[in-house]
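Both complexes below contain chain A, partnered by chain B and then by chain C.
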Partner chain A sequence: METTTPAAPPAAHPGGAAPGGPAKPAAARRPRVRGRSTQWAAFAFLLPLVAYLLAFYAYPLYRNVDLSLHEYTVRSFVQGGAEFTGLANYRDVVGANAFGTALRNTLVFTFVSIAAQYAIGLALAVFFRANFPLSGLLRGMFLIPWLLPLIVSGSTWAWMLNSDNGIVNAALEAFGIGQVNWLTDPGWALTSVIVANIWLGIPFNLVILYSGLQNIPDELYEAAALDGANAWQQFWRITLPMLRPVSAITLLLGLVYTLKVVDIIWIMTTGGPGTSSTTLAVWSYREAFGTGLPDFSPAATLGNLLILMALAFGLLYLRLQRRQEWS
Partner chain B sequence: MISLSTPVRAAGVLGAALLVMTAPTACSSNTGGSGGDQSDGTYTWWDPYPQHAKGSDWAKRVAACGDEAGVTIERTAYDTTALTNQALLAAQEGTAPDVILIDNPAVSTLADTGMLTTMDEFGLDTAGVDENLLAAGVVDGKAYGIPIGANTLGLYYNADVLDDAGVDPAAIKDWDTLTAALKKVTDAGHKGITFAGTNTEEGSFQFLPWFWGAGADLRDLDSAEAATALELWTGWLEQGYAPNSVINNSQNTTWEEFLTGDFGFGVNGTWQVNSAAEADFRTGVVQIPGRDGGVAPTPTGGEFITAPVQDDGSRYDVTQQIVECMTTPEGMVETATTFAYYIPPTKAGQGQLLQKNAELEPWVEAVRTARGRTGDNLGTDYPKISEPLWTAVQKALSGSASPADALREAQAAAEDEAG
Partner chain C sequence: MTAYRTRARRRARWQTALGILFTAVLLFPVYWMVNVSLTKTGNMRADPPHWFPRDPTFAGYADVLRDQLPALTTSLAIGLGCVALTLAVAAPAAYSLAKLRPRGATGLSFVLLAAQMIPSVVMAIGFYAVYVRLGWLNSVWGLILADSTIAVPFGVMVLTAFMAGIPQELMHAAKIDGAGAWRTFVSVVLPLSRNAALTVSLFAFLWAWSDFIFASTLSRNADAIPITLGIYSYIGNNTTQWNSIMATAVVASVPAAVLLVVAQRFVAGGVTAGAVKD
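Now for the complex of A and B:
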């Protein structure tokens, strides 16, 4: 917005935010008129954004809540007149047999995934901080999981872990270990999808943490080295504390993304066998799109519960951040 | 990890789609129905065959039916599962197309919303259609669509493997002889049988021939008959006659397994007839046997042609001509040969097809004894029963519950859902 016209010689504020532009001598009432019109213009500029937010954020959210508070059948979905049932859907979902398993699976899937993604991503980021020959190329290759379409990587994982023809079992057999039913054993299915999900999430953690590392001044490490700190101490005393803000946002984003993962699980096990790898998100997807009869109300209910969970962690993050700013 | 198809997002997309769709209807609400603001010369048509692109034989066949009726047909193809949701959304907004070709278990779901016309109202005679095939589209005695073709499951075999193991496919008359054949095949160093037990509708679809073949009823999932059917499957896994991967197999994956040539048998549908003929080994097909002999009822597959309700009733005349064009015996035979995986649903059509392709005889036979999943007036209850059923199959096969316990749990869940 700062258009310093050549006609107006260097104005007083080089970096200031004078909304009126260069202060040229003007009649007394002109700025006031212009002030009002710029205000209108500002609103006009805001309008597309507001419309966008309403159409693509507020309305779907409202609709999701609306769906969860009514008993929608396919008939009432088309003809309207769905019965308002208050929190009955929430009671049904929470009271369902599958809820305990799904909640436990969701928590295990999310926290194990994030912890491993973060740890491995950080280790790799620190590793790549030392610029060695070909490190750029190698770092690029670690991004591949991010670039592949999920249907491709998901199916590839499913093939590799296939009980009878998978390469993983073939390798295990070479070492004399018997067949492991990675995707079809209730005890292994969740582990398998977690492993695949960790692999998928590493690049994201690597990229953000690596860029965070770039912002840590070298002098700190030099000073620490002069004081006799070894690499391990440098990591714990400098790298980790200096990365704290970046780590917090990485973990929060990771959490939000991981809570709602459906695709990788759906492609690999469809939440099975039975319900042993069903998370809340997979359950919600199955209710809405996984059977012949779309059941939008429970699906929306589960979706809202997930939103609440993500929101809770978002608030926690804000709180932590504020405390950090205060200190 | 950066996932796109999450339910939250999906609901968002749904919401956005609703919003986008309300805009045009608001402007042209009085034109009603589909066609929307298009002139009367264009009729809209949805089907679940995205694999048949513009310029394919199928697209030409649809266009020809339009030409015959003197109109242009605008065809849109959706993925099978997406089509049901699209149809519901369109019905909600009053923008349903003139014709929808839809998977047979979805007909009763759409009919339940009141968005479909009955074939009676439409003046179309369904008397010629085989009753067992029409059943999936009948709700409370009224037919809401006509099958344009039918397919079902059969037991494909690898003749090379069976010869090697000394098994005569004609000797497979009941479950005991089948299991004995599987034993011979595995003893000869081959793999026995592969099927699809995945955690979706396909899992139920593949289990039903055994479930019905034992004499079990979908209203009664925890009957002793149902348990014997599930025990047959779990027994095969325990004996090593079927690989553990069947738990995760879709019908496509199970076919890939069969095509490796290692397996003696593979359960799959009419739609693999061409692929079986092109396999590297000799193949054949027999009916899936019932527990104590005879042919087990297999679930019907295939699409129905339906006509959604339109505000503008004058469109029905042309729609009727289009539907008729697709459902004459000649039309059905043409559909069957265009797709190579459909059996005509009328006696006349079946007769004509067999004159041309005598080798399809076992499939015509299988289709005649097939049973609609939503029949017996199960209608929209079927999906609520099917989900617990495939979950029970998964639990029993993976060993997390005994067949009887898994089915008991399924029955409780089905009663809870379907009432």
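Now for the complex of A and C:
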């Protein structure tokens, strides 16, 4: 509600209209003055967003950095006055036993998820490119997993993978495969959350890659078909190269989104058993909110490390892209 | 020629059949959620589980009506508040970025992109740290503010992309008629941007409705908890009543379903607009 006030000035203030009004005669004489007054109007319209970004992005982010550089206790968290400890939190976190596992889990979770999401999404996009009866409707229904609240899909998957009563084990039993403790066996927990996460990400990949496919001219395929290229060759020689920019952005977004996933893992396994499905993001969440005793300093430290990772991947992407343009 | 056509038609029929099969496989978890929500508690642990809801019960849905109505109302309020806030911040900014060409626009666009990369757990810790001192924890509008951060950068990007496509002649015409920047925004740009604003509203609502991280951190002890938290504590409290849990899940999915039926083209448009810009 508060934010409506910053939006109001241009309205309540006739000055919002003024830049256009009095400036007009001046504009006829000196175009530069008009430019300046438009700049003012432009800034006035941006003001709510800038204020919003500072208050609700920059400040929480600053608080995270602050938390990670101090040794906060529950008490000092509320009242202030925590001791400055420099990078001690970072050393502690990276040196902790759990760090290796969490980092490995994060990388496996992220890369297996996006690779599978992309491959399945692309296969489906190519399949749906041929317009057949009902294809539009079916494509629409494919969006459902992406639109459902995560708590809904998470709890549904948890029940499907339930050891004793889950449908997955029941189906496996029909093939003579014994009971698998999907969520409670340390060897399977990470696999289970990855499967659920792949399921969640397929629609996003399908939609973006499908729209990318729409931009590839049909003539290319027709020409290739005339030259005798089969569907497989057409895919490798036309579809994939033409889709490269869209693929790059899809994979990058997938990477950034997947690195920070908390909810689906937390809902299904809470990162357990032990730390077997704990990623860096889940670890951070657990330190801050998952136990009765919140420990915000290491939580914020882990969060900041995640940001650095996302940033590193983003820069790597930009670099690869630039190199491609050069060659 | 006719042989070719029959072959094409047969092929299309095959593709439809395959498409239905793929969709069925992908949507199986959704079907299973509905199936479990209709299963009697006594049949819940049947081995093998019942593939179809024979002898269905609506007891789970009765439980939803009894237990979760306040949570559903809270979520509705949060979703609507989030839509209003998102539009109020994003629409003027988008107008400025698309039509008034402020200095530093590229920098701001980059900030918006980067903002979406911040892990939600980092945002949650930051908000918690701020709210704990201000005493804003466990409040509905505190959650509205926090949830809106999911939608605002997206909203600005979608609206900017759309408004940039509004012909410059219309702007000039408005100016000649004596309309200032504000007047042009309200009477020309906003009405024309209705579809883009609708897309943004739909997503802002859905994301606020679906949010779990902010709810589970900023509103843990609230009197009025949103539905996502309602389901979560339901799971924690009674692990035997899976029909009630799944019935709540079905009800919580209604906005997503409505969105899909009413506005599929806006949804697909929104996904691509946020991601692919050319």
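General observations
The working rule: the second predicted complex is superposed on the first by the 287 of 327 C-alpha atoms of A that agree within 3 Å, B and C clash if a C-alpha of one lies under 4 Å from a C-alpha of the other, contacts with A are read in each partner's own complex, and residues count from 1 in each chain.
Assume a contact is a pair of C-beta atoms (placed from the backbone, for glycine too) under 8 Å apart; a residue touches a chain by one contact, two chains touch by 3 or more.
A quick note: this is a predicted structure, and the numbers were derived from the prediction, not measured.
After superposition onto chain A, the partners chain B and chain C occupy overlapping space and clash.
In the superposed model, A:A288 makes contact with both chain B and chain C.
By the touch criterion defined above, A:P186 reaches chain B but does not reach chain C. In the superposed model, A:A174 makes contact with chain C only, not with chain B.
Contacts of A:P60 after superposition: both chain B and chain C are touched. More residues of chain A are touched by C (comparison of chain B with chain C). Of the two partner chains, neither chain B nor chain C is touched by A:G121.
Using the contact criterion defined above for the overlaid structures, shared-chain residue A:F77 touches chain B and also reaches chain C. In the superposed model, A:L200 lies in contact with chain B only, and not with chain C.
Of the two partner chains placed by the overlay, chain B and chain C both lie in contact with A:L306. Shared-chain residue A:P298: touches no atom of chain B or chain C. After superposition on chain A, the stretch of chain B whose C-alpha atoms clash with chain C is 75-83, while the remaining options among 39-47, 57-65 or 75-83 stay clear.
The contact surfaces that chain B and chain C form on chain A in the two complexes overlap at residues 56, 59-64, 67, 77-78, 146, 150, 158, 164-165, 204, 260, 262-263, 281, 284-285, 288-289, 299-300, 303, 306-307.
Partner chain C is touched in their complex by these residues of chain A: 1, 3-4, 7, 10-11, 16-21, 24, 38-39, 41-46, 48-50, 52-53, 56-57, 59-64, 67, 77-78, 124, 127-128, 130, 132-135, 138, 140-153, 155-160, 164-167, 170, 173-174, 199, 202, 204, 207-208, 211-212, 246, 249-250, 253, 256, 259-260, 262-263, 267, 281, 284-285, 288-289, 296, 299-300, 303-304, 306-307, 310-311, 314. Across the complex, chain B is touched by residues 55-56, 59-64, 67, 73-75, 77-79, 97, 113, 117, 146, 150, 158, 162-165, 179, 181, 183-186, 197, 200-201, 204, 254, 257-258, 260-264, 266, 269-276, 281, 284-286, 288-294, 299-300, 302-303, 306-307 of chain A.
The touching residues of chain C, when paired with chain A in their complex, are 12-13, 15-16, 18-20, 22-23, 26-27, 29-30, 32-33, 36, 44-45, 47-49, 85, 88-90, 92-93, 95-97, 100-103, 108, 111, 115-130, 132-133, 141, 145-146, 148-149, 152, 156, 175, 178-185, 206, 209-210, 212-213, 216-217, 220, 227-228, 231-232, 235, 242, 245-246, 249, 252-253, 256-257, 259-260, 264, 267-268, 271-272, 275-276. The part of chain B that touches chain A in the complex is made up of residues 1-16, 18-19, 81, 84-85, 88, 91-92, 105-106, 109-110, 112-115, 198-201, 243-245, 247-248, 257, 380, 382-384, 386-387, 391, 394-395, 397-401, 406, 409, 413.
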